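In the two complexes that follow, chain A is the common piece, with chain B as its partner first and chain C second.
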Partner chain A sequence: MGFEKFLFYVFALILIFAAVRVITVRNSVHAALFLVLAFFTSAALWLLIEAEFLAITMVLVYVGAVMVLFLFVVMMLDLNTQPLREGFIKYLPVGATVAVIIVIEMVLALGSGYFSSESYSLVARSADYSNTKELGSVLYTFYVYPFEIASVILLVAIIAAISLTLRRREGTKSQNPSHQVLVSRDDRIRLVNVPAEKKH
Partner chain B sequence: METLLTIIIILLKIVAILAPLLTAVAYLTFAERKIIGYMQIRLGPNRVGPKGWLQPIADAMKLMFKEIIIPTQADRFLFLLAPVVAFGPALAAWAVIPFGNEMMLSHLDAGILYLLALTSMGVYGVIIAGWASNSKYAFLGAMRSAAQIVSYEIAMGFALVGVLMAAGSLNLNQVVLAQQGSILHWFWLPLLPLFLVYFISGVAETNRAPFDVAEGESEIVAGFHVDYSGMAFAVFFLAEYANMILVSALASTMFLGGWLSPFEGIPVLGQLFSFVPGPIWLVMKISFLLLFFLWFRATFPRYRYDQIMRLGWKVFIPVTLVWLLVIGLGVLGHVGPWFD
Partner chain C sequence: MNFVAPDFMPVLPEIFVLTMACLVLVVDVFLEQQQRHITYGLAQVTLLATALLLLLTFARVPVTTMFGHYIKDAMGDLLKFCICLAAAAVFLYSRDYLRQRDLFKGEYFVLGLFGVLGMMIMVSAHSLLSVYLGLELLSLSLYALVAVDRDSPVGCEAAMKYFVLGSLASGMLLYGISMVYGATGSVDLQVIADVIAKQGTSNLVLVFGLVFLVVGLAFKLGAVPFHMWLPDIYQGAPTSVTLYIGSAPKLAAFALLMRVLVDGLGAFQNDWQQMLIILAVLSMALGNLVAIAQTNIKRMLAYSTISHVGFLLLGILAGTPEGYSASMFYAIVYVLMAVGAFGVILLLSRTGFEAENIDDFKGLNDRSPWLAFIMMVVMMSMAGIPFMAGFYAKWVVLQAVINIGFVWLALVGVVFSVVGAFYYLRVVKCIYFDKPEQSESISISRDVEIVISANGLLLIILGLYPTALMTWCSTALLN
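The block that comes next holds the complex of A and B.
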């Protein structure tokens, strides 16, 4: 067994462990942190197949930004897990049905031969091969329209999300920082010439 | 056998980077207290050793022998994990910084991306510490820090995109080589707004004054590390200073020519100083930028929280977006001497 294979199994075990803990652990903050671990290990797995751009972007986007915001929200929730577990038996049939359907779909899709390791065998590259550069040149030439359309859709989603949550409430008192930073010395300071008192 | 040799060489290289770095961190704390002392017309620490030069060692000894107190109801594992998570990325990032031509630990082609990814992970230390301490003040500090770091990371990322466009490569060694010529060829001149945005965002990302609302000793005692003591606190402290050195090193590499000599291209001085090795120039540039970190702390009052958010979102991000367009035009028009 080569060293790379050994690393693969180590990372794969950590990944599976972390993913299982995400859904079994009681504390929601611990669950989010296990999800961070899962993302990080999957990035390590990508590094093993020399997809360094994907691996680094995974860490940058999911670990560095998405999960930080996620934790931000989860930490402020005071979740009591007891009521959440109440309906376990009641919802079990529905949940089990959905799970079975997903498993069947995955088996059909992954077992169909499209994703077999024969049709996507790993191509050995020399050390100076730049995964990032290759990806960029394909993304901005061959796939430029899908890429641009996807980015515009994301932009629309951002603007929509902001406009949905943006509302002004009446009667709140807030400061206007951009107004405040424009204040100059003359607006705040008044020099008064006080004449000295006369001695009696 | 050969792999073993490679591993030993890599380990030696890591030691060669980390040993000076940790010494620099220790003496940066000393420099900070001295420099701010002089700025405030005080002497600063001057009792331990000649002129106080052994002060950092005395501090380290004191912190090492102090007890690490774990608060009741605290999440024990995460509480102790947090300082490590804060410190790790600050050290790992040094792997891709070139100290001289091709003098780097890892010749990573996606170096700038790697740095962005690692610096974005440092925030976890602060968040985990704030949550695991089970204290209101620590938690408030963690929340403030998380929001602030996420906001400034966007501006920082855009500034790095500008560097990438100007250099045409994500490899930091290539970035430095693209600045060759003279002091006017360095990227600080064509990318001046991005340089300022990057450096100020760097100050904000390291939670340093005037952006130190995460600590905010006058409002929330000491923020996220209020419950830490002994070596656990010291590791947070080390992480903050290591991050300061890292931000300065990155700013010097990407905007101030890295290991290039500032006298390059000047007729007599250039030859006179050509014997000075690259790492010396890099260290001098890092020290120069570190002075600004200390200077800021002595000069500016702490920003109000909404002002921090306004600066990050409404000033820095538009500035970087506009300047990216300018760089794009410059690259298209081959505007010399930077983009030809």
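The block that comes next holds the complex of A and C.
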């Protein structure tokens, strides 16, 4: 067993462990942190197959941005998970049966050897091969249409987020920087003539 | 690397809609609330101009461009044309309703336009990537539209449900897409079809992917057993948004089924035929039976949508050109009926009053005979009464199913549409034979009246002379 294969199994085991913990721990902050671990190890798996761009993007975007936001939300909201657990035992037999059937089917379909490493071996590349550059060169040429649609989806997401959350309420004490800048000395300072106290 | 810029001309309608949607978005920022009608006008101009553009550039032969991600063909152009007109009618009917509820905001029209863009991308998709992205663009716009009335708890709940279930469906679809990609090595539907033709249909991974694709698409269509979201969203969303969700997206969903199942995975027809039979029978049964028990007309129409989706699937599962064109005809007529039905509901609502219950239609004939007549036409067409467009649509679909030897399936369809006739005719009974509970007369602006009259009359005309539209549908599919 080569060192690479050994690394793969180490990372794969950590990944599975972290993924299982995400849905089994009670504390939602812990769950989010286990998700970070899962993202990290899957990035490591990508590094092993020399997809370094995807690995770095995974860490930057998911761990760096998405999960930090997630943690913020989880910590800010005081979620009561008790109602969510209601009926868990009641629905467990049905859910478990369906899950087991699906798992068996998936194993039968996917374990048929179609995706085995023999039929999908890694293509060997030279050391100066940059898959970032390769991705960029197809992303903006052959995939320009999907790429543009993705940008429109992001635009719609911005519009949706703003239109759903932006409210101008009366009486909020928010700051208006342009008003603050325009303030002159006379608006704020009033000179009061205070007569000096007499000496006793 | 050898790169030649693709031909942008076929994509012109999409580019136009995108540009105009961005323009409307920017213009709207600079408008005062009293000038909001400019946003509305620009949105209408966009839709009508796009429809005109599609007519002018109507595809005689299919053209694939954007490196296989986009196809322009007659089926796509006809469907996109109908989508634009349906969306224009939706905006028109919604205008006064939105004004009365303080919802007459730019976002409604901008998101509506982006939704239309998403539908056009879906209709013209020629790769699984554009299928998925178009669907997401449409869905995202719809989620936001459902929540457009932010202070309504029902609306927000509906949006939340739609978002969570819609994401689940997208996940299913993506999983299926990844399997198909893994098995064929391409996302281009043409290449997928070629690869399958070469390697045969014995690949278990492909069938596995197909199951997830069908589940994802059924979720989006609202076919039983993936229909749970539909009644709640139809009822919870503002009626103008329900009108939007219930109309044009069905055309796009039809196109999506055609592209993915017929064009891409046509070799697996035996497999998806069985899946669609289950979906169709369950949809027709549950949709029609549960609709009987409803008192809320929006909810009733939601269940009726489910049953119509079942009929739509009947034509596709026939797997013949005749069945496809029957299905396409059904989809177009269904959109006409849905726009008409929800349009009347919108027109009956006033400030502070939602015409949501079937009881609100009591004695409509005394209050507005013409509106009552149109509602009757729409309901009778949905029920499939002869000489209405809905009858002919059901007729051709059933004929296609009988022609491939599934007589029992046609019988099931007939039985359940008879069951369905009950609740449609109950609305007609309410309109004509019950005493009105309110006496206010209904005021409608002139342009809305013209369009809704045309909408109702079109259902009669198409019922009497269906051949023209039917020929368009079948020639569009032959190309």
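Quick notes
By definition in this document, the second predicted complex is superposed on the first by the 143 of 200 C-alpha atoms of A that agree within 3 Å, B and C clash if a C-alpha of one lies under 4 Å from a C-alpha of the other, contacts with A are read in each partner's own complex, and residues count from 1 in each chain.
Criterion: a residue touches a chain if its C-beta (ideal position, glycine included) is under 8 Å from a C-beta of that chain, and two chains touch if they have at least 3 such contacts.
In this text, all values refer to a predicted model and were calculated from it rather than measured experimentally.
By the touch criterion defined above, A:I149 reaches chain C but does not reach chain B.
Within the superposed three-chain model, A:F72 lies in touch with chain B and out of touch with chain C [touch as defined at top].
In the superposition on chain A, contact is made by A:A160 with chain C only, not with chain B. Of the two partner chains placed around the shared chain by superposition, chain C is the only one that A:L110 touches, whereas chain B remains out of contact. In the superposed model, A:V36 lies in contact with chain B only, and not with chain C. Within the superposed three-chain model, A:V59 lies in touch with chain B and out of touch with chain C [touch as defined at top]. Once the two complexes are laid over each other on the shared chain, residue contacts for A:T172 go to neither chain B nor chain C.
Within chain A, no residue touches chain B in one complex and chain C in the other.
Remark: chain C residues 1, 3, 6, 11, 18, 22, 25, 66-67, 69-70, 105, 107, 110-111, 114, 117, 121, 127, 129-130, 133-134, 136-137, 140-141, 143-144, 147-148, 150, 182-183, 203-205, 207-208 touch chain A in the complex.
Residue ranges on chain B touching chain A, taken from their complex, read 78, 108-110, 113-114, 116-118, 120-121, 123-124, 127-128, 131, 139, 142-143, 146-147, 149-150, 153, 170, 304, 306-307, 310, 314. Those residues of chain A lying in contact with chain B across their complex are 29, 33, 36, 52-53, 56-57, 59-60, 63-65, 68-69, 71-72, 75-76, 130-133, 175, 177-178, 180-181. Put simply, chain A touches chain C in their complex at residues 105-106, 108-110, 112, 114-115, 137, 141-146, 149-150, 152-153, 155-157, 159-160, 163-164, 167.
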